[in-house]
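Would you mind keeping the following structure in view while I ask a few things?
Order of writing sets the labels: A, B, C, D, E and F. Residues in every chain begin at 1.
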Amino acid sequence: MTEMMSNGVELMFAGMGIVFLFLTMLVGAINLMSSLVQRFFPDMPVMGAIPTVSSGIDKSIIAAIAAAIHQHRHKHK
Amino acid sequence: MENLLSLWQSTGLYNFTGGQAFMMLVGFLLLFLAIKKGFEPLLLLPIGFGAVLSNIPVAGIAEEGGLLYYLYFGIKTGMFPLLIFMGVGAMTDFGPMLANPKTLLLGAAAQFGIFASLLGALALNVIPGLEFSLKDAAAIGIIGGADGPTAIYVASKLAPDLLGAIAVAAYSYMALVPLIQPPIMRALTTEDERKIEMQQMRPVSRAEKIIFPLMLLLLSILLLPSATPLIGMFALGNLMNACGVVDRLSQTAQNELINIVTIFLGLSVGSKLSAHAFLQIETLGILALGAVAFAIGTASGVLMAKVMNRFSDTPINPLIGAAGVSAVPMAARVANKIGLESNPHNFLLMHAMGPNVAGVIGSAVAAGVLLSLVK
Amino acid sequence: MENLLSLWQSTGLYNFTGGQAFMMLVGFLLLFLAIKKGFEPLLLLPIGFGAVLSNIPVAGIAEEGGLLYYLYFGIKTGMFPLLIFMGVGAMTDFGPMLANPKTLLLGAAAQFGIFASLLGALALNVIPGLEFSLKDAAAIGIIGGADGPTAIYVASKLAPDLLGAIAVAAYSYMALVPLIQPPIMRALTTEDERKIEMQQMRPVSRAEKIIFPLMLLLLSILLLPSATPLIGMFALGNLMNACGVVDRLSQTAQNELINIVTIFLGLSVGSKLSAHAFLQIETLGILALGAVAFAIGTASGVLMAKVMNRFSDTPINPLIGAAGVSAVPMAARVANKIGLESNPHNFLLMHAMGPNVAGVIGSAVAAGVLLSLVK
Amino acid sequence: MTEMMSNGVELMFAGMGIVFLFLTMLVGAINLMSSLVQRFFPDMPVMGAIPTVSSGIDKSIIAAIAAAIHQHRHKHK
Amino acid sequence: MENLLSLWQSTGLYNFTGGQAFMMLVGFLLLFLAIKKGFEPLLLLPIGFGAVLSNIPVAGIAEEGGLLYYLYFGIKTGMFPLLIFMGVGAMTDFGPMLANPKTLLLGAAAQFGIFASLLGALALNVIPGLEFSLKDAAAIGIIGGADGPTAIYVASKLAPDLLGAIAVAAYSYMALVPLIQPPIMRALTTEDERKIEMQQMRPVSRAEKIIFPLMLLLLSILLLPSATPLIGMFALGNLMNACGVVDRLSQTAQNELINIVTIFLGLSVGSKLSAHAFLQIETLGILALGAVAFAIGTASGVLMAKVMNRFSDTPINPLIGAAGVSAVPMAARVANKIGLESNPHNFLLMHAMGPNVAGVIGSAVAAGVLLSLVK
Amino acid sequence: MTEMMSNGVELMFAGMGIVFLFLTMLVGAINLMSSLVQRFFPDMPVMGAIPTVSSGIDKSIIAAIAAAIHQHRHKHK
């Protein structure tokens, strides 16, 4: 086995080791975090605004919809 | 007369080299796959078009002074893949993963495809004419991460010459996930295992969704700083979406910004599909290893799920392990489909989304390892 | 006291040169034309504003360190006009042209305006004080292409000093198409010709619309590589729209991306409206030649249509020849309007859209010729 | 006539020649292509998704429209 | 073994410096303020995130080759703050100010906060260890302008090292306007003054709204060219919106473009929150002076309004003077709220919008003065 | 008082002076402009197009709205 190959094998073990270490620690952290959140903020009020119709839709679109509905209502009568 | 000759000498027909013609065909093939076969069209269409443009003789669109030359700056600096990753983060819902965090381990296991194909690339060096350096091998391995921006980011740092082939392989195999994965999933599971129903997931609170990206970033800072550009931008996008107070930024990150950058990134990646870099025996190696990487990643995910099912107190359907390769949301849909074949009342989609998004994290972590250890 | 003096010496009033004041007036005139007269406001408003900003004494907004200096990079690299051309491509429907491909020849004929005004520019060199090089003449001629991004792209490569005047002339005359074209169209056609009704067009399939941009690009690659940056980006936009699988990219290219680039391009073009470059007798020549180019292009288109009508088995109304100059969709609307005057039941709009979009291709081809032959 | 002028005339002939050559070839290519498409793919199935409401409109807008319609229906009753 | 050691030596844990850890905490604090307390989240979220990213050891995200290093170019050239200012201009309605132009003087008075805190910064030099140059003092003073893009633009020109602290102070105090202003407003006005009802405003015609931004730009060109980059881009945005003929540009400037630039600007500003620059006693000075600047600006505005009320033929409620600091539209809302406490039928919001937008102009003018006189 | 301090004071006077000068001139200019506009263009026709549904809303959205209305009308019958 060439030196590069042995480097590769080493890299594989180090790599998968770190990946598993990282994600295992993340599992632990999530479990801890979730239990803390559920204990201390059981009914945590939704922060900020309720993400209803996102602010990404600008007012003019809403206006267009309203106008369309309005027009429709009139035609419909 | 002289003028006519000079005109003729300035045509593409006169100046075409065989390599350029071949690469242009590759570009048109990618366009065909994108448009007619629906292979990841958002990326493969601009990549294919970039390949065509950059191989036009005389025009020099990918050389200094040409459009693609300047656009490529966005890849060289890492800006394009990182901005796309931010947008992907903004589109990702970690709810299913947070409800069942142990599925993260499936996302870890599936990264074995990365390192196995890295080894494979080094092993291929026994073939005369093939010479993959450790950097090349690492960049090829990342195809197994089944994550476009991560693959492009890593390849642009470690092996820019192979970038074109690697990106094409990554997106093509992502599109082929519904063909590659099912036979492997069926071979490694029994009918009974595929029938396993999983428990309904608990709802996840908004606070958890807000804290998670920060926690992810923090862990990456402490353990693996080399992964923080990728994980950081992903976490930023995810936080913008989860927090609910910057919706206009989150919407822009998921829509216009990611769309603009996708066009630019695709064209720039395509500009690396030059005959010089692509028409090498290495490219065949890359394509072969990419397929191997996907297959091994799928298998590792499924096997890990089988092991976990044995030791877990709640049942785990091994099929969801295959979703650990990422390829969001295609791999999760495949798991769902194969599950339905064995048990028509068994909807695995939500359960597979956990390992699916975990796979994104897993491959970003693997990318960090490669960037930090491969010098 | 000393401080007050230094304050006074830093005011615009103290530092104004006559040339700057005049160019600022030009800028305000462009704003007036854009806002009050509706002259191509999307372009002329930012161009006019850029002219004002770049002629402010002391501030140096168009000099190194200033905003317009950096924005101009997007023109120097060709990036801005090419991205706009991509967006225009995404907005263009080649259906009417594909239904009646021979109207492409009308788009060819109308390009005679380009080469006639090129010759005109060279002829003007007999006037003492005027010295147009062949490059200058080519850049001026391209005004006759009646296509903004093409004119800006060519001028930025061949005669950056004249860019401001050329862009202003191109967009102004495009806005004036409803005034310039009708008298020429009426003079060259008989009442009977204007009454000619054309046959209804066949529907064009989706496959044809998808294949066309690729075919166009391929032809340009084989014959005229120098036109491929323009035709390539145009074809990319058109393909993204036609193929139907990358709608989010196509929408962004036609909306947010083109809007952003339009603001930047307009400001950068305006920054070339400096007294130094604009207040030359050359500018009067450019404005005169631009009008001539539009007139000759219109006439050539109409005459070509008359010839074609004689030899064609289906009737061709000569009015649609005028639409061959491009100026999409204004010129097609003019043809429709003049047609309705003679025959209130004759709707030529769709028939004129064929030569209209053919004119865009024609002027991109002519641009390629100039870029390749004028050295 | 100066040399530049003769260059210009030459350019004019070359230019118009190429423009006509290019567009004439394009006419031919389109005719060929159209006849091939019509012969071999007469009812070519629409590729990709039907370009209905484009994906450019994000879901929230659709939601807003739906909500507007819904509200309208209730008011209208 | 050696490899493990090298791995450990590449972790963030191993490489953390105390300064980086502290700055990361500052970043997380900003995120907390943005998300949980609603402090100007559109800016403070990306700024906080940028602070975290740029202080990650080893990763070098804010150093050459890193994403934030390249993004910062947009601040160094002034491009980001100017584009944001253009978007803000497009969102601003000058109607209420045009209906009652003398409220502009309130926007002038409130700028006293800028110059008072400039003096304060110089006075602080008596404290050993503090060394503010005149440039530093000017950049600190501009916090009192209560206008984010203006503060960032000026700080990037005069004191780039202090940029991070100045931007954080500016946005934080803008978020704190509802806490900072009311006690000052109550202390300086009597109950009777707070009850004053103002006359209904006349409607303002479209022509006035179109002419105003041009007039504003012209005045700035004549008197204060150094303010024209800021005022010019603001006027451009405002004109695009008011003129009604380039709505698609105006919409893009107010939405996608400003959103994209906000993300980039926030991250880049955050990248200036390095331990080296931020963990200085100067930073405490900046935070203290920023609060003083807001307080003095508020007081000057209120006092000016009291003076004007005495000499005006129509009544002026002194509360609207506080809105002169800008901090649009928060300060106007505060004036409205305090007014309603004394007189539940007294809606001052529209009346306060005049001084509020006047404050934006006022601080841009003050910025021009500083940029022109502080060398 | 240090030299820098006196510079600062000077700057303060110059600065507030210019700010007031500038904004006072702007008040004058606005008053002049408004009276001119009101005298000479009392009912100035709205320039350009009436800013109805802004061009920022692309056609596909309008189409979506129209389709929604259309569908609604049918369901509603």
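Operating definition for what follows: contacts are C-beta pairs under 8 Å (C-beta built on N, C-alpha and C of every residue); 3 or more make two chains touch, one makes a residue touch a chain.
Remember, predicted model here, so these are calculated numbers, not experimental data.
A.B. asks: Give me the fewest steps it takes to get from chain C to chain D if each step has to go to a chain it touches.
C.D. replies: Contact-graph shortest path, chain C to chain D, evaluates to 1.
A.B. asks: Comparing centres built from CA atoms, which chain ends up most distant from chain D?
C.D. replies: E
A.B. asks: Any idea how many Å lie between the Cα centroids of chain E and chain F?
C.D. replies: For chain E versus chain F, the centre distance works out to 19 Å.
A.B. asks: In angstrom, rounded to a whole number, how far apart do the mean CA points of chain B and chain C lie?
C.D. replies: Chain centroid spacing, chain B to chain C, equals 41 Å.
A.B. asks: With chain centres defined as C-alpha means, what is the inter-centre distance between chain B and chain F in Å?
C.D. replies: Computed value for the inter-centroid distance: 46 Å.
A.B. asks: For chain E, write out the residues touching at least two other chains, lowest number first.
C.D. replies: Counting only residues that touch two or more other chains, chain E contributes 3, 7, 35, 38, 41, 210, 223-224, 243, 245, 248, 251-252, 255-256, 373.
A.B. asks: Can you tell me which residues of chain A touch two or more of the remaining chains?
C.D. replies: 14, 18, 47-48, 54, 56, 58, 60-61, 65, 69, 72, 76
A.B. asks: Taking the complex as given, what residues does chain E use to touch chain C?
C.D. replies: Listed in rising order, the residues of chain E that touch chain C are 77-79, 82, 210, 214, 217, 221-226, 228-229, 232-233, 236, 239-240, 243, 245-246, 248-249, 251-253, 256-257, 372-373.
A.B. asks: Sort out for me which residues of chain C touch chain E in the complex.
C.D. replies: 3, 6-7, 10-13, 15, 24, 28, 31, 34-35, 38, 41-42, 45-46, 49, 52-53, 56-59, 61, 65-67, 70-71, 255-256, 259-260, 262-263
A.B. asks: Would you pull the chain D residues touching chain C in the complex into a rising list?
C.D. replies: 2, 4-5, 7-9, 11-12, 14-16, 18-27, 29-31, 33-34, 37-38, 41, 44, 46-51, 54-56
A.B. asks: Help me check something: in the complex, which residues belonging to chain B touch chain A?
C.D. replies: 98, 101-102, 104-105, 107-109, 111-112, 114-116, 118-119, 122-123, 125, 133-134, 137-138, 204-208, 210-212, 215-216, 219-220, 223-224, 243-245, 247-248, 250-252, 255, 358, 361-362, 365-366, 369-370, 373-374
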